[in-house]
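Both of the next two complexes hold subunit A, though its partner changes from subunit B to subunit C.
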Partner chain A sequence: MRSNLFVILFALFALQGCATQPLRGTGDLGVVVERDSGKLQIVDTTARTILGEISGLGDLSHATVVFSRDQRYAYVFGRDGGLTKVDILRRRIVKRVLQSGNSIGGAISQDGRLIAAANYTPGGVKFFRSDTLAQVADIPAIGADGKRSKVVGLVSAPGDRFVFSLYNAGEIWTADMKAPAHPVIHKFTGVGKEPYDGIITPDGRYYLAGLFGEDGMALLDLWHLPNGVKRILNGYGKGSRRLPVYKMPHLEGWGFYKHYAFVPAVGHHEVLVIDTDTWRQAGVIPTYGQPVFVVGQPYSRHIWVDFAFPDNGAIQVIDAPTRRVIRTLKPGKGVLFLEFTPRGENVWVSARDSNKLVVYDTATFRRVTELPSHKPSGIFFTPRAYKLGW
Partner chain B sequence: MRSNLFVILFALFALQGCATQPLRGTGDLGVVVERDSGKLQIVDTTARTILGEISGLGDLSHATVVFSRDQRYAYVFGRDGGLTKVDILRRRIVKRVLQSGNSIGGAISQDGRLIAAANYTPGGVKFFRSDTLAQVADIPAIGADGKRSKVVGLVSAPGDRFVFSLYNAGEIWTADMKAPAHPVIHKFTGVGKEPYDGIITPDGRYYLAGLFGEDGMALLDLWHLPNGVKRILNGYGKGSRRLPVYKMPHLEGWGFYKHYAFVPAVGHHEVLVIDTDTWRQAGVIPTYGQPVFVVGQPYSRHIWVDFAFPDNGAIQVIDAPTRRVIRTLKPGKGVLFLEFTPRGENVWVSARDSNKLVVYDTATFRRVTELPSHKPSGIFFTPRAYKLGW
Partner chain C sequence: MPPKKITTGLMVLMLSATLPLAHGAPAQIITSPPPARRAVLIDMVREDCGSCHGSRLTGGLGPALTPQALKGKNPISLKDTILFGRPNTPMPPWNPFMSNAEAAWIVNRLMKGFPHAQ
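Let's turn to the complex of A and B:
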């Protein structure tokens, strides 16, 4: 009887640490957003398989994900204002808070301790402890016009800072969150009409916001805040030959070759080339459709592009030095997202309307495998934990 | 009785996956080489603690480490020719092979399936399956002179290629290992006297070898192999004012600012600035001693430098845009290595002769903590799994 009890206690002790999941590394894991069903698929990029699914994440129609610095936890920002902490290893929700009425995205601080959520309703940024999701700060986005604004383009920046844009007010703010109870905020007003997305350069120096209400982009040098925000690239945007914009391009992925950055042109069938030394347009590359994501393949001269409706059945590969499209691929219907493995040997593509994920070998452009997925949108691999901005 | 059996089986099943170790992410782990005792410490960069130790790794007097793409396993290359696969989560050796008489380093293929070991004795490169450590290929390094040469500067490159240098023969070879049974080798002879280390640029394009036997470096453009190896930087090296070289500098870490690379000058108290557009020397920065590692802080304008004996009690921080030393720190005696956390908020420094690791906050240059370590040398964090070259 005593030995029986001992065995039971031992079993419980053993289980405590590992539930029914075996030990495994987290470096080759990722999550795929199944937008219509409020689920996440957990994927393995080594075996190229789906390990499991997590449900109950609410409205994921425009969801984004960041990772804890140990890569065990995914933080999911949903359209319904839900912020959900997911344990990728145990494949279950650890905590879920409805932190606003409508959220557009989020980021994790450089030190990994703070989660920031950018909200439309009510407009502002809320900050949470990454371990407990307890709220530690709230910055309402009240512009110089006295009105509350939607917040977009939220990124993490060096020194536990965050940078974000006020869509309605046309402002860019930086928030130093070293002491979360006492945020140090810098506000830059009149940066341009309707900033719709923002990115930080790979060196952590510049914050760039695309403008939807007018041409051009707004540039903030984080090394020299007193210099303020500059307007650049007046040729960037919808311009005079504007087409209807079915999907806002995303800026987060951009590709680089030397000091040239490759970004989507809003409302045109073009990728723009920007000289990041002068921040002037240095070229334009005609593409199959209106680019949504323009993403550099790691350790490569290739840049991959997907497109907005009605051209969202194709992706194209641009050779950066020659600025030519070298390949057009047709992964399926409703292509929404592409994510590279960190060393760039594979790219995973979500084809929403074909209900599948397609994995390509980037060296040969051949399909390595296809995996079933219900209306997949974003694909997020754990290496994002190391990238500032997210 | 049956329930008793059931409980025992259940306990065994539960244990199978997790031993006595709890589930945890592997994104914030690392290993520290304790060179004199043949041990590895396992460290946690979030809690900044030592989680445990693994012994029995042989002669670690010039050891290096690469990681599996899932970040669970470390492959340790020892001076005694030992290649050891370590399970970081279970903290134990999975497999150990004595694959040569004397090994200088190694790398893992872009797809994570092959481990390559660069050997002095007998000179050459051996390749192993990363899962089983079964040998799958052997490339003896027989130079154009018909003699077997030590191999140095082995890096992984895009397309499951490896690049390495023949120290005695003065050659650079590339090996395409897509089909390990049939390596495709390109040999470049007469590249210069005694190449002693090699690196690949962050875009995966150029392989650079430092020369010990003469001034200058050898540059191979992997995008244009038929162009051959070019000699660059004739001012790089020991030059006429040469000092005794107590420790060979390492090239692997270099810092970047825009298109400028910062590398150690051999035998001088200087860091060289190289213009990577022209591959010409663009400046020189006087330093405290002869630099060994020159490493760029992620998402920052700062570059950190450690030094050879007798100046190995200090590290210096260079501000890259202004090219000035802005800080001199004294972590302890016998500083050998520095490793940044992936988002750059901390740097870990090994002080061998003070038997400790020192962790700095890079924003304030303050010591965050110190951890005991017996004669520590290399510090390797799991984010290296994603970096091509290693």
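Let's turn to the complex of A and C:
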């Protein structure tokens, strides 16, 4: 009898040991895409460590990630059309669907209920319930030319809307998804040649698409849809030769300072300054290479820039008020991505060809730590859950 | 007979024009770059070309570069596309970063199934 009690007690302790994980939040966690091995690293931005790894996510070249509004789940969009829901706390895949043949990214709705995936093949946007990943809607991107187009620059917008661009057709569409079974779509045709990415301004009012096929951008005022799409920055590169572009710039996470936006110039070693009151060019900042990401450091006057091949071994820091480059840092080879901690005291940088992540103190520009990572590309921290657009 | 090392693009072009056709496409003499350089080229294709064509080369904003997708295409024009880019598309010229012979080797390997990084 007595020995039985010991056995039971022992079994109870053993069980508890297995089941109990220390309680913790997810607000200081994030994921890093290891694109060649189809893995995600789970990282802790407080301890600045790698907590673990999740594998089996398929082709993660150009993968992007959005977060559930409780910051527990990451939705990973892979190149192979895979959409994977990952539990960051338990570090495992909850659900995975192959939703297309070739995907470029996605977004989560304002209310967090819908996941939208932008696809190249077949060109269009598909919508899924964020809890079950059951598909609820499919919008094929058939342009005015009657052909299917690759979709780029998908963002979530206020009012459970999504906005995206048709790369081949040169169009911008908005989809109101309040009733997912009956999307209300507005199409804007002839916006310019080869929109390559899009962004929504932090006030949720404007959608901008960068144009690769011509110098300029397409601007849509989401408060006044009937006004249509306006062309801005026409011919900004005029007079200077456009260089070959070895990596498409991104528009996500522009730098903003006062009413100025800082954006990558296509085919030039420059960051453009745009006055968002007039949507005219207000300045040009010469940089080390062709910018890919131009990202504002939270609660700071600084804007950080990384560059396209072959200048992808450096990042630069721009002082927004004086519009001058104040620092050039060399984190490693093949720098792909920058992600700030939510209040901006650190920035994490992925150096793909050096197989590492470099964490900087943004006040001193000193390296705080380096962490091993196999061919890292995107770095995504959970506070993205509260930013509209992604 | 070991393959002769071709050093100039002109020679490769001249040879390809004169050699008999194999499988309906002009033949080229392909030399494999030394191992260290080969590794650099493999990385460049998978990572940098991969940013538009996908690191598995299954396509993205740019078209797929798998053996299936390239089947029946002219290797010389593929090589020229790599070296000089393609006007009115985002494809840039890669000739600042590789030689003619290296581009020919890349095309040859793409058409057979491109190797993975070591």
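As a working rule, the second predicted complex is superposed on the first by the 363 of 390 C-alpha atoms of A that agree within 3 Å, B and C clash if a C-alpha of one lies under 4 Å from a C-alpha of the other, contacts with A are read in each partner's own complex, and residues count from 1 in each chain.
As a convention for this text, contacts are C-beta pairs under 8 Å (C-beta built on N, C-alpha and C of every residue); 3 or more make two chains touch, one makes a residue touch a chain.
Keep in mind it's a predicted model, so treat the numbers as computed, not measured.
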Contacts of A:S300 with subunit B and subunit C, given as first, second, both or neither: first
First (subunit B), second (subunit C), both or neither touched by A:K258: first
Which of subunit B and subunit C A:T382 touches, first, second, both or neither: first
Residue contacts on subunit A - larger count, subunit B or subunit C: B
Residues on subunit A lying within both footprints (that of subunit B and that of subunit C): none
Parts of subunit A lying in touch with subunit C, wherever the complex brings them together: 35-36, 59, 61-62, 79-80, 102, 104, 120-121, 150, 152, 167, 194, 196, 212-213, 244-248, 309-310, 334, 352-353, 375
Residue ranges of subunit C touching subunit A (in the complex, touch as defined): 43, 46-48, 50-52, 54-56, 58-61, 85, 88, 90, 92-93, 96-97, 117
Parts of subunit B lying in touch with subunit A, wherever the complex brings them together: 4, 7-8, 10-11, 14-29, 45-46, 67-73, 88-90, 110-112, 158-160, 203-205, 223, 257-259, 277, 298-301, 341-345, 363, 382-383, 385-388
